[in-house]
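There are structures below to look over.
In the two complexes below, chain A is the common chain; its partner is chain B in one and chain C in the other.
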Partner chain A sequence: MNTYYAANLLIYAGVDIIACLSLNLVFGVSGIVNFSFIVFQAVGAYTTAVLSLPPDSTSGYDFQHYIGGFNLPFPIPWIGGALAGGLLAIPVGFVVLRKLRSDYQAIALLVMSVIANTVITNADKFLNGAAGLALVPQPLSTQVDPSTDAYYYLYVGITAVAVVIVLIVANRIVNSPYGRSLRAMRERELAATAIGKNPVAMKMTVFIVGGVIAGLSGAILVGFIALWAPSVWLYPETIILFAAVIVGGKGNNIGAILGALLVPVGFEEVTRFIPPIGPVGLIPALQWVAIGLLIIGFLWFRPDGVRPESRRVFEGGPAREVR
Partner chain B sequence: MACGPSRDGFSRAVRPEKFASVVTTPGQPMLVATDVHRHFEGMRAVDGVSIEVPRGQITGLIGPNGAGKSTFLAVLAGTLPATSGTITFEGQDITSMPAYMRARRGLVRTFQLPSEFARLTVIENLLVAAQDNRGDSLFGALMGKRYWIADERRLVERARGLLSRFGMTAKESDYAGTMSGGQKRLIEIMRALMLKPRLLLLDEPMSGVHPKIVLEIQHYLEALRAEGLTILMVEHELHMVERLCDTVVVMAQGKVIGSGTMASLRRQREIVDAYLVG
Partner chain C sequence: MDLYLEALGFGLVSMSVIAIAAVGFTMQFGITNMINLAYGEVMISSAYVAYYINRAGISIWIGMLAAAVFGAVFSFLLNRFVYAPFQAKGTSLIGMVIVSLAVSLMIANLLLPIVGYYSVSYENATGDLLHFGPIILTTNQIAIIGVALLLMLVIHGLLRYTRLGKAMRATAANPTLARNCGIPTRRVIDVVWLITGALCGMAGTVAAINSDSFAIANGASFLITVLAAAVLGGAGQPYGAMIGAVLIGVITELSAATWSPQYKEVVAFGILVLVMVLRPQGLLAKRGALAAAG
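Presenting the complex of A and B:
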């Protein structure tokens, strides 16, 4: 295993872990079926890209067209990417989360994901359309040569720090009284309202926090792969992350990490080694079938996932009765 | 405890919940609904209902199925908006106030069907209702456990007091979704009490509950009244209403058709014909 492959695997794992922690917060803990999750990751990536790139009139970059091009140093593009994810959550949440019932929210968010991808694909002058943005400057690339092993280690290290920070934030939210209120809202929104909770405010808040984390995941990914195009954030990508959270265990941060390692990293990586059989495109198509079966299988046989949401037992409480 | 049967889990020396916020001004109703309407696409579920809920009493709201009792209760709690009319609570117009704000001000409802938070433990169902926890905001959560642990410990003790009082200490760490129908009713009442309510709106608290638990609920409600809590209760069990309620309001077809004590209502022919037959 060469260093690049290992770094690639670890950085994708980090990005997927951050994404799954975000989705777990929004979906697993709070019950918002955010089928447009990948859009928040994408907006983080695009924002990071245009904040890192020089203007598109610059020699060597003039083969593509995009807005901005601010050539800002690390970590400003990453912070910008994270903030962009949170900012996007405000209008989206304002439209979707206030009035719609949860199932319609899911449909509206899915439709939004499709529309956003279609718009960006066809708006050539905005973010270079279907071709996407390339040659995105990598963080600290002026200090460390990005083609060296040292840079891979550095990037893995930065990603690991981001994972730890996000995990701490997610744990603090999930294990706090606020997290309890979010879980109550997930269980019965009307009953939560009747005990003084404001579900719209709570949903908006967690949606924005989720958007910030999703944006950060996009920032990390684009910083490593140095390109971003509509083909990498099609709506099925969201389904893979949902599969990860469902397999890992909804509402459990460790479950979300486990799910990220099992599905987007493990499952996709393993199936990559299947020898090509049948017509071209059969294996990738079967991957999607397998993801679908994985979701159905878990929802049917193990709906709480590999690592179910943990039961909160308070110090000094009675031993739980055996049922 | 002012009024409590000698029964394990109820009469033990647990400090009762204080309803200190209840301002005992005799004669002044706690809640006044005036000409309240609630229409569903032309169907008048609540059709000009006006009632007063006296302070420190249990008021019963009875009537045949489809009379609009639960809808009216939902309108009072704000979970359904009124089509027209006014509702004042403690002298303040709350007609356009959202349900969560009403709950925070002490107007707390329970539901006709069990509405426990199934994947929260029994004690968590109580803790989630407490309003005075520094960790119950994004800021508080991000500040970390040290910021809110003192509040949490205090509230756990308060919740344990309620669990002990309602005889459910042993169930503290069980998921609420695994409880029986009667236990779920008790959880809802305890959850409402964690909010330190001024007025408790109970929607058929005895519905579908084992007779033994019905008696327990009755005793609990009597004790709560003795402590100064005001209750408005929708109920079908007329003998329970007779035993518990100081005043009874009768609704039929979305309107109030009478009010008074059960004894006085039994003497009114049109009410007997409409509802109290048998």
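Presenting the complex of A and C:
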């Protein structure tokens, strides 16, 4: 029981860290307000699920209807999930990132998130509608029994490896000349364009990379909880991750990790111990209110977050105040 | 053929509801430069105010006026205590969008413990059936169309023929210049939030009258339809929002009649995507989605 609780906590922490690193690349570093982040995670999770599930005509699985059902062994569904996140980013980016002003991008993505959920909920033959997919085979479950402690250790280990890989990739991007261009574009797009950077191409690239990482986070999550339904990827879930990146400090990976540990992990764990008082649903509702307050409070009092992005100054330049 | 005419009848009602909401939303954006994502939640809160008054046995139309007052005061306070301070602090457009989304989340979840999860509906909200050939509408639906026409005329008169309307247009065009010409832009903006809030409150009530039942979750779908109409017409353009409402209203009702009513918002979203790809500045735009973020 305790091993399960600890493993559960660590795996959720890993998934949230990966999600926040992705959101930080897209939102914190590049300034794209991706209000449909959770859709990319969901696409990764659904893809992983249908790649690892057997066809829906198999006995034991025939209570649900879904497309595909390929019954593929472990690493392939995860890779598929990550790729699906990246593939989704291409058409979405094509619509949203080319011409629109930044605040229009935000509302278009928000609306997309709500609509995608509506469509999947209503299309019940596609991914089993509102009920969602259940009994998703867990990775390596044929080699190790998923109900044992050993399996939990294994899963925590795999998650940790994924976190490290994503962190290395994100760090490489943030510190590369490309990352520098992204920050320049975030600060002043016109100036970045004037020195020969193509903002649309840069945004598309980072949006696709962010989509791949988000898809991977969904793959890891669905592999552990073994089910996925529209109710777990409603648009407010994206707002929690935005709260995390804003609280942690947007624009730097350490801040994103800190935010992931403080908001989705820390905050939800603390409020879990509040006794259930008042009418049913009061505490969850107040949790959401607190998330809203957290965002507004931080944007007002400490817009750079707990760990602000370090200001990068060119050493050889004349000493003067930047901005 | 009758199917299409019947859908057109519902389209008339739908476009009236959307027009009231979208004009309010687009005026907030055009004049105060604020994409207020909490608009749908203010609509649904106002609809609940009308619901409690209606449940006490009072006519729904009196309830609508109370909802208008509630929406006006609520929007005014929201701007005074949240949006305006952030704008004065120099928060970017993106920052303001995030703030308004956080506000929207808070309103919905503060409302939830008060009104509960279940769908509710107004009493005596339908009225008698009237037949106009194949088009069948209830008296209340006719009244909604009347209210919308009246409000659109009032807004038109306000913007075109009054000093206040002139001041609003000046503030929308260039707030600094307007202030330098002696227009009290702060007070103009306060009035804009009161007026648009009242529109928002009435829109919430008529939207709730027009649907059989409503719940908190409807806030998001209200917002999507309003955004689609406002963006289609050219954000910040009251007349554009009216045109957008007409198109979205008719198209969504036709799609509901011929395809499936579950996908009304999906169709609205499809129109939104098409507009964003083909004509991001909207149908009538002087300013629109194309300009660089300030």
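As a convention for this text, the second predicted complex is superposed on the first by the 310 of 323 C-alpha atoms of A that agree within 3 Å, B and C clash if a C-alpha of one lies under 4 Å from a C-alpha of the other, contacts with A are read in each partner's own complex, and residues count from 1 in each chain.
Here, a residue touches a chain if its C-beta (ideal position, glycine included) is under 8 Å from a C-beta of that chain, and two chains touch if they have at least 3 such contacts.
As the structure is a prediction and not an experimental result, all values here were calculated from the model.
J.: Tell me which partner A:Ala108 touches in the superposition: chain B (first), chain C (second), both or neither.
T.: Touch status of A:Ala108: second partner only.
J.: Considering only touches as defined above, state whether A:Gly179 meets chain B (first), chain C (second), both or neither.
T.: First partner only.
J.: Output check: A:Arg312 vs chain B and chain C. Expected answer is one of first, second, both, neither. What do you get?
T.: first
J.: Between chain B and chain C, whom does A:Asn198 touch in the aligned arrangement: first, second, both, or neither?
T.: first
J.: State whether A:Leu190 touches chain B only (first), chain C only (second), both chains, or neither.
T.: both
J.: Identify the overlap between the chain B-contacting and the chain C-contacting residues of chain A.
T.: Dual-contact residues (chain A): 190.
J.: Write out the stretch or stretches of chain C touching chain A in their complex.
T.: Touch list, chain C to chain A: 35, 37, 82, 85-86, 89, 91, 93-99, 101-103, 105-106, 108-110, 112-113, 116-117, 220-221, 224, 227-228, 231, 235, 260, 262-263, 265-266, 269, 272-273, 276-277, 280, 289-293.
J.: Which residues of chain A touch chain C once you look at their complex with the stated criterion?
T.: Where chain A meets chain C, its residues are 31, 33, 35, 95-96, 99-104, 106-108, 110-112, 114-115, 118-119, 122, 189-190, 235-236, 239, 242-243, 246, 278-279, 281-282, 285-286, 288-289, 291-293, 295-296, 299-300, 303.
J.: Considering only the defined contacts, which chain A positions touch chain B in the complex?
T.: Interface residues on chain A, with respect to chain B: 169, 172-173, 175-181, 183-184, 187-188, 190-199, 205-206, 209, 251, 309, 311-314, 317-318, 320-321, 323.
J.: Could you pull out which chain B residues touch chain A in their complex?
T.: Chain B reaches chain A through residues 77, 79, 98-101, 103-104, 108-111, 115-121, 123-125, 127-129, 131, 133, 135-138, 140-145, 148, 151-152, 156, 169-175, 178, 191-192, 194-195.
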